[in-house]
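Next come two complexes, and both contain chain A; in the first it sits with chain B, in the second with chain C.
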Partner chain A sequence: MAEQKTSMLLHLHRRPWFWAFAASALAFAATYALTAGSGSGELLAATLTFATFSAIVGIGQMFVITMGPGNVDLSIPATMTLAGTLSLKFMDGATTLILPGLGLALLVGLAAGLFNYALIRLLRIPPIIATLSASFLYQSLAIWWNRGLRIKPPEALSDFTTGSVLGLPNLTIIGILIAVASWVLLERSLFGRWISAVGQNTRAARLSGVPVETVKALTFTGSAVLASLTGYLLASFSGGAALNMGTEYLLISIAVVVIGGSSIAGGNSNVPGIWGGALLMFLVVSMLNSYGLGAGVRLILTGTIIIAIVAAASGRKDCA
Partner chain B sequence: MQQATEAGSSPPARPLVALSDARMAFGAVRALDGVSLTIQPGECVGLIGHNGAGKSTAVNVINGGLTPTGGSVEYSLPDGGTGTGAAAARAAGIRSVFQELSLCPNLTVEETIRVPHHDLSGFGWRKTARKRISEALDRIFPGHGIETGATVGDLSLAERQMVEIAAGFAEGKMAVRLVILDEPTSSLDAAVARQLLAYVRTFCSAGGAVIFISHMLGEVFEVASRIDVMKDGKIIASRPASEFTQQSLIDAMGHVASTQAEAATRADAENRLGEEVLTTPEGLSARRGEIVGLAGLAGHGQAEALARFFMSRSAGMRHTKAPEVTFVAGDRGRDGVLPLWSILQNLTLTTLPSLLRNGLVDRSAEDGLGKDWKQKIGIRTDNMSNPILSLSGGNQQKVLFARSLASTAPIVVMDDPMRGVDVGTKQEAYDMIRREAEAGRTFLWYSTETDEIVQCDRAFVFRNGQISAELVGDDISEENILAASFEMHEEAS
Partner chain C sequence: MSGRYRILLPILSLAVLLAAVFYLQPRAMSYFGLNLLFNLAVPIALATIAQMMIIMVNDIDLSIGTFVSFVACVTATFLNETPLLGAGILLLSIMVYAAMGALIHIRQLPAIVVTLGMSFVWAGLAVLLLPSPGGASPGWIRTLMTVKPPFVPMAVVACILIAAVTHLLIMRSATGTLLRAVGGNTQAVLRAGWSVTKLKAGAYALAGLFGVLAGMCLVGLTTSADANIALRYTLLSIAGVILGGGEFVGGRISPVGAVIGALTLSLAGSFLSFMRLSPDWQIGAQGAILILVLAVRLVFARNGNRWKEAKNG
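== the complex of A and B ==
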């Protein structure tokens, strides 16, 4: 029994997501030490809440990246902004419209995802270009509809997004539920097998009867829907939609996938790592903030961390 | 032409290249099995043989690209001495023009020539390069219309082939004395091919030497002074071209006898076969329970025909528990194996939609299927959850067979699936295919091996992307396949 336990502990570090969580714990400890223990409860709550936003968009991005080289969704920030803007304007502070507003946000995501896929399929544009150019469209639409208005979310919704149950923020509970569902989808379902097959060798997958195009369409749509949900939640949480609210999630959505130990070459992804990466990203930023470093240094360090992790991950593959 | 004349003035007794008992083994495969040949200045040697006879290996040994694992290759150098190795081959003025175009698409025509011509450097190399390539193009293909500043990627396939040929014959620091042309006319139209043949004749009569490899027997007869026939890594006939006829050449390339077992299968073929289940625009057709072979020389459209057929019967958008057709890949790395997965996951990919419970993959059903097939086709592993890449090539191929055969698809398409598979596994696979056919499955089987095609009930021979012959039953023989694979008639000009 004891032996089994040790071997399990010994093998824990072989999990691809292990390092993201280990690094998060370290970053938390460093920030905790700096603030001399005061406000650690608030730090934890803030970490969990903000990590939730990164985790949800990260999961969508992860599925896209699993499909292999060249597959990435760069329209996530614009989709978030458009969904947040539109749904808040639609609800206009009315509590009765909370659910229809959510429906509208998800509909925006659905439309954006299908549009992205249509560009890729019908016009044969590489996904990276298609989603980037589509994101200009979405952002312009958001600007056009928003016209600088800042509309407050319905009070009930605002309370819900900032509230918590037993110390666990409501948003984090949603994020964890999405992660669990995604884990089942990726590891246990037919769709998960298919997406991994497409990521490893699209041609072989197609020749083995995998409906490659359906997999692609669902994946890009799923990513956009998760982005729109995040946009809705983030706008409600922060008291209104802003036109730049999605900006930082472009880098973060990719970073959490990479940091979480998913293979950027595709075919091999894991969900727990997304959460590990999301926690780490927020903690690094808040740690650098507490040390009084500016936005420029923060971005440089974030970039450096991603490069270091990609380099370390590819080095590990060579040794194996 | 000047350099050719120089070569012609050397004493004729001294060969440009002499191979004696050259052997080349890749692992267990003996690609060259003791080849002796000499090439004299002024000779044009036609080299023929079917796929895998060892022609390309011979070419690479002659041009110094491969060092033979046995025997020797000796070049006579312009200074009167002899040498061995790639540097000596270059110094001896040996050039090759390959069948698979080897030009870099991003370079211009004049830049292209710098790759083989190491002396082009320093200021003004472009001018020299332009002079060399345009002179060669004008000499061989008068009226070619190719700009030397054009990017190779923008040229048509035929123009690229012309540039590659011209680069082979172009003037350089070392005089050109022997040019090896591997299927030079396969992408040229008749008129341009004629220009090339005429040039080869002039080049040889001026004392240069050419090794001419072609599946167009008419062309070989037109230029060759001697014809060497290769089979199984050996030269089995070498005579002046005038002593061969097209028929005697085809006979010389050899045939494979069909065994008794196959004859027996064929006898009951008529009872076994059902209604017609497929026809394609190319003219392929097959009946239920029939094994249909796609024969002919490699790269004549068989694989494309199979891929087109498969794609037309399966869509990228929908999926089904009962696919109409499944595909067995031969190029495992490109078309079949999913390298990150276990043996089991690779095996069950096609059948997965029928292994669901509550919307999720039923893993005990999956294990069961894996166990069944491990036993049925003898996958050599102690654990089906080992990575697929832990298996040998032959066993990976068995997994790919199982992936297709485990489904209920009535039609199985096979794209040369026995590539690089050992003899024992091949025999097991043949038996399995025959059993499945008897149970009513239809097989479309592309193979480059004649002894596989003779096992089929019917064979379609492809040439230049079209079906050139349909052979049934005992008519499926190496002679008939070869006759239909090669251009029997003179090119109409």
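== the complex of A and C ==
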């Protein structure tokens, strides 16, 4: 038993998600050391909360990327914005409408996902271009609907999204639940095997009877629904929807997938890494912030760190 | 899709859009009007060519928008005040692009992520250079961009020139064929004894070069710069390449098509404002036009196949 445990520990670094968590711990320690321990509780809470948003959209993106080269969902930011603005305007601050509002947001995601897939299927265009063109439409729809108004979320909802249980932010609990469900879906269900099979060799998967088109449709829909949920939560958390609220999540959603050790070529993904990558992304930014660096230097270092991690992570495969 | 057919649809979509613009606004059918319509298309066309170089080798560049912004900031500051230093920085940035291409190939990294990371770096550098909008265009670039050749406006001349030069470079020269072959069949190029690393670095360097030209042109037109000046170029350039008949894999691209694609996209913007469409819907309508063109392309491709099948019996 003990032997097994040590061998597990020894092999821990072989796990694809190990490096993301190790780097996150390092970034946390660096920030912790700088602030001499003061406010580390707040830092942890903020990290967990903001990482949740990245993790949820990242999981959706991960499923899409798993399906192989060319499969990327670029409509995530626009879907987030559309779901956030529509649901907040619909609720209009009324507590009784919280659940119908959530329903509306998810419905927006469902519609967006189906539309994305319809474009890919009917026009036979690469998903990158399909989701890109569709995102222009969603963005316009959000602008038209919103007209720059900032409607506050219902108080109960805003309390829920900023609250926490036993030191764990409510949002993080939701994020972890989604991650666990996704892990089961990817690693333990037939559907997960199908997605990986499509990513490894679409032709072989089709010949062996995998319903490739259904898998694609469900994956793109799932990504859009997760994006719309994130939009709803983010808008409620930050006290209102904004038209640019999704912008940074395009980069983040792809970055967390790769940093987390999933293969960008598809067919080989892992869920824990998404959380590792999400934590790391926020911690890097807050670490650079606490060192008092300007926006410019912060951006340069963030970019350099992403490239360095990816370069290091891809080298690992050669050794193994 | 045959090469000849590939260029037909972009030309057709541009012609239809141009006719619609002239119908809505007959006064645009003049030297001055055309210049106004296509002025801002020149830097977009250059950025689209840059993107095309990357798509040619089966990669995608998500940093071109921030790179053009960075170049614009350098042009409006260093190149204006200390031209030698400015030119040095721009040369260095092209070398960074080449290094990026080499790194992506040697370590087999996903281009999407590396260019995504680089987009942070370029954005950071741009913010350091120009924290707030400002700077000034070097006189000679301004003169070049506002020159008034007889009969045909500068914007049109520039676009034809860009298309001709890149067509010769990519479609007619030996180097161009080799570069396209990297996208078509990397293994074959490798077995034939070429260094794919060098070729990829070359393709990326070309992308960097055209990115630099795009940034300089942009400053020549706007006369000042800011760190976010060209962010939307990333998406516009990808859309332009695809509109122009390019494909994401296989080195199947068309430089002339890419320039026409860029013109179509920037014309779409003018068309929508002539339509008195609410600004809310401008972005959405551009997306709709993109979808429409791709739908037409599908119909064309299907008919083409049917015709080919009929011919072959």
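The rule we apply is simple: the second predicted complex is superposed on the first by the 316 of 320 C-alpha atoms of A that agree within 3 Å, B and C clash if a C-alpha of one lies under 4 Å from a C-alpha of the other, contacts with A are read in each partner's own complex, and residues count from 1 in each chain.
In the analysis below, contacts are C-beta pairs under 8 Å (C-beta built on N, C-alpha and C of every residue); 3 or more make two chains touch, one makes a residue touch a chain.
Values in this document were obtained by computation on a predicted structure and should not be read as measured data.
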{"item": "Partner contacting more residues of chain A (chain B vs chain C)", "value": "C"}
{"item": "Partner chain(s) touched by A:200 [first = chain B, second = chain C, both, neither]", "value": "first"}
{"item": "Touching partner for A:94 - first (chain B), second (chain C), both, neither", "value": "neither"}
{"item": "Contacts of A:26 with chain B and chain C, given as first, second, both or neither", "value": "neither"}
{"item": "Which superposed partner A:124 touches (first chain B, second chain C, both, neither)", "value": "second"}
{"item": "Which superposed partner A:184 touches (first chain B, second chain C, both, neither)", "value": "first"}
{"item": "Contacts of A:255 with chain B and chain C, given as first, second, both or neither", "value": "second"}
{"item": "Contacts of A:267 with chain B and chain C, given as first, second, both or neither", "value": "first"}
{"item": "Set of chain A residues, in rising order, touched by both chain B and chain C", "value": "none"}
{"item": "Complex interface listing, chain C residues touching chain A", "value": "60, 103, 107-110, 112-114, 116-128, 131, 235, 238-239, 242, 248-249, 278, 280-288, 290-291, 294-295, 298"}
{"item": "Sites on chain B touched by chain A in the complex", "value": "310, 314-319, 323, 326-327, 329, 334-341, 345, 349-350, 352-353, 356, 359-361, 403, 407"}
{"item": "Contact set on chain A toward chain C in their complex", "value": "69-70, 72, 119, 122-126, 128-129, 132-137, 139-141, 143-144, 147, 251, 254-255, 258, 264-265, 294-304, 306-307, 310-311, 314-315"}
{"item": "Chain A residues touching chain B - in the complex, by the definition given at the top", "value": "184, 188-190, 193, 196-197, 200-201, 203-214, 267-268"}
